[in-house]
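All chains are identified by letter, namely A, B, C and D, in their written order; residue positions are counted from 1 within each chain.
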């Protein structure tokens, strides 16, 4: 680790162009509390120009006491991947990993502590906050689908390219599988102690339900399909409403919280029949851990149907009826004119006040 | 599905005016994470002007990998309804549907799982978050009344036209009825298993309470009326305070969350007497499902009285006393002058510093 | 009710100056969803200038279908009180009323339903959300003290005039008393049924604890004083940190929510000893309802001591050490110079970079 | 307390530069509702200039009724410490104090009330909201690490100077110790009554678990290490995602709330094995109160490993892959050019579009 760059804060004091530099550096310093702009702060210092160090003891001391660019961040920076698709796949994978880590973790805690360290509401909170942090981890990179049924709906609406769909789905399932492994590792002792060493899918000390969803005893297959379709449709209705800018704006950063709230309310109101999977990846990834029964296809197929249904309901009841925004008016103008000859172009605009 | 428009991203590279276009498209691309502006992104691409496709393989590939306007969104766009009243009725209907779907769903879950998958607090959360998402779904279109008593109060204050009142009320009740049907469908197996096939209004396995509210055994009719009047008045007090810009501003998007919190606190503090209907539509719509007793009129009449009472209290204690804003001063100026002859108009302003 | 002003929307169409008006009105219409600016919308229409009505049937129809200024709002406007002190007293009274209505209501619900419709956490939520809505109701008018101990601390810091203190305290206690009456009315049947008609302060069906706080059996008086001092000091620490702009900013509207969260966490972590009164008004107002014992002075004296203590801790550990803001630098400059002769005024500024 | 300074509002009238002051004062007055800028309001008033007092009764009256600078705030201002390090240490100390006061307080409440005044979820809420308010108290001064493992990770990333690390750690542990003392004082009577006077680490009425964490009976040491590593890594993943501006922005003031939510979800999903210490200071400070066993080193070592692990995962999967921001591009430009001779400087920019 070399300290070459570290001398600069010290030296700025006696170099003439340092004057206006202070301002820049102070600003960077002021925002340094968020812990994210420290890199650019130190880099800002570099930009201010500085002479070679003439007092390395002082400089070392300054280095040890002030926040500055580290070799570590530089080293990490060398690992940067530029492929957008790889970045998106990693983000989806990590997002679903977080979701399942917290979600299935809360089921494991409630199950193995026999309701002493949490109740059904804890599980609802675990999945809700798991989804919220999954969205926070991946929103800026992949758009935080975290759910094959959501990816499918967005492809269907034309808001996501179909060719990316298999990649997204694979890494969503893979992230869920990794998270199930982690939960299994973290609760290994607890699951053994709780089940007496016998890992079973049914019975009083069944632990398969920690990882995947199973229907209640009374539930028919048709009832389970209905349950999943209605739940996923309700989820999509809420998520689309939250993202519909023309219905009302949201402060940046509140959307992931409210997506979590949607998962919370679905868990509170639609969780008892079959465990609100609503997400093929959430259910299928962890199921590799446990023996499946005849139920496995329901949390894969029904959420996709439900997601498309919820999308259509919200579109047909609210979103498509919004009056067009100015930019859309202009566009439809353009489109209308594309059917005509190029000569009509300049005279075309008056027709376009009402979009076709 | 034709790919005509899809060639454009490819072709922009060799057309001269594409230069300044990139900026526009990049901006659109940057905001594409919210999933709502993708349509305009692709449209923006169209605006950039492009030559006819000369390489359809490349173009098809580009299409499959990039996000762009879909035929689907165009198809959905054709369903657009322009009538403001129809849009408002659909929004109220869908908003109340969401509210009851989550609210009554949570009662069904707690009841049929016999408190194993939720307790009274889950029901409080179900209605609170149900109201929140009901508001998010409808706020930009109809103003999210979701409650005939609220619509009535707003008409009374002159903030909503009286003629729209019956339409709003009908579609609020209709949305609640549809939601009760959906909850009945989703919990069909569970309700049958819980009640042993006997659907009853009273008794140890009564399930009518999933859909409508019933008073506690000890409650007199007069006590029930008081309960509903106080609860609805408290709701209106809170909602009016949240919307009173001169009392303090709120970030856009926080208001629906806090309206949900108002419903939560009322459920936590005024729920045990008669189930905090507070909303004629919430109670009357689902009641078609179940046999009614002598109680049905209380959750219809008392919330309306309470809503008017709460409105009056907040108005008379807080809102009417706010010092007038500059625009109101100007208006009252104008009004004062309207009583005079037109000639006094230009000299009228000095009198108007203090509104009459 | 006269419809004079209602013609204007209709008439604007054929008056020449209506052109640039449309913009104004559309803007007003766009913001009309919040339900608070509808008054100014209609007034805006008035400002656009219009001819006398020539078709009153059409005008009446337009009136009935559009949102506009009502006679009701005009009538309510006549009740406006201009005295700042009276407005502040009403706001404090209504704010504490809301706080106690929800807080004591939640205790009544949990007590009379014997933990079936809520548990201790519901009571924590009832007081937390009660404080939150109490703040929302009064924040813009009185600053939302809602607590004599808070008013006292602010007077002590010089942030509130001492002369207003008795008025604030009286109306805080009065609001709490009114709320206790309301809770008593709302839960009259429930309390009678629960207690078998015997209203007692102690015993298995005691109901005095619904209204005031009582210490746990094991608690010594000194332990109770400590409990209240620590609790109120923690509350003030949190509230002062939330309001300390130089420690970090908060979006408008989040502060009341976080004050509610402070009350929630105190209820969750300091509630079991003596019921976290923390507020002389919260305890003393409702106590008129019930027989008091030797405990009554603790929730009055100890919160005041605790509030001063918390204020001092936050001041001495965080707030006084913030580097001075530019405006304070200027002021201390000025003050330093006031001690000198006026002639030194213009030369005084260089000394003032470091405040004295 | 003398009222000398109170005449000043009166005296301001006869100084010439008072004119442009009015504006300043109005601004200050407008923001006075938040209760934190009242000091500058009154100071602003001093600048506005007024005649010498000719009627000290009036002046006194004005003083008593209006909000103005107090002797108290001036007195407190004299205690201001200018050393940045001392301020940061005090902030870390107070922040951890708040965290442990609420966190361990909630454990004490649930334990001594035997689950009657709270359940495991209350403890989750106590720690979550404790962390949140700890962050609010210290975020603007020290950056709110509140955890030696977090400080270590930030030093490792080069975002915090290594030399400050021992100071931070000492005051974090010291704050936790003080808080444990306070909880011990507040729950002294309750702990004695609950344990029958015998303070034990194990057994049915053990109270050591109020202060420090102990593993579940079934947990192996290796399982405990895994549990702590996974939990702390998950915490760091969430916190780094919340602070990663290039992944998505957050409104100021929401970040502390969401850090609290991260602690909540970890408590809900990873709390039953060994009590989610995740923080050497949280566990080691209070442990001085109680007898330790062979477990004490796990909550010290494992969180540090976990924090570094979580940091690396987030860095390598999300943050390092963000496309560079414009300012970073410029910097890497500069750096690339530093390797060349100074003459190439002006020609160096074109190479720099792609950072090296």
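What we mean here is this: a contact is a pair of C-beta atoms (placed from the backbone, for glycine too) under 8 Å apart; a residue touches a chain by one contact, two chains touch by 3 or more.
Owing to the predicted nature of the structure, the values given are computational and were not obtained by experimental measurement.
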Between subunit D and subunit A, is it the same set of residue numbers doing the touching on each side, over half shared, or a different set?
different
The C-alpha superposition of subunit B onto subunit D, two copies of one sequence, needs a rotation in degrees (nearest 5) of 180
So, what's the distance in Å between the C-alpha centres of subunit C and subunit A?
36
Subunit C and subunit D: spacing of chain centres that average the CA atoms, whole Å
26
Among the residues of subunit A, which are close enough to touch at least two other chains?
33, 119, 121, 139-140, 248, 251, 254
How about subunit D: which of its residues touch subunit A in the complex?
119-121, 124, 139-140, 143, 154, 156-164, 216-220, 223, 226-227, 230, 234, 237-238, 241-251, 254-255, 258, 261-262, 264-266, 268-273, 313-323, 325, 327-328, 330-331, 334-335
For a test of understanding, state which residues of subunit C touch subunit B in their complex under the given definition.
33-40, 43-44, 46-47, 63-73, 76-77, 79-82, 87, 90-91, 93-94, 98, 101-106, 108-109, 112-113, 116-119, 121-122, 125-126, 129-130, 132-133, 136-141, 182, 185-190, 192-193, 251-254, 257
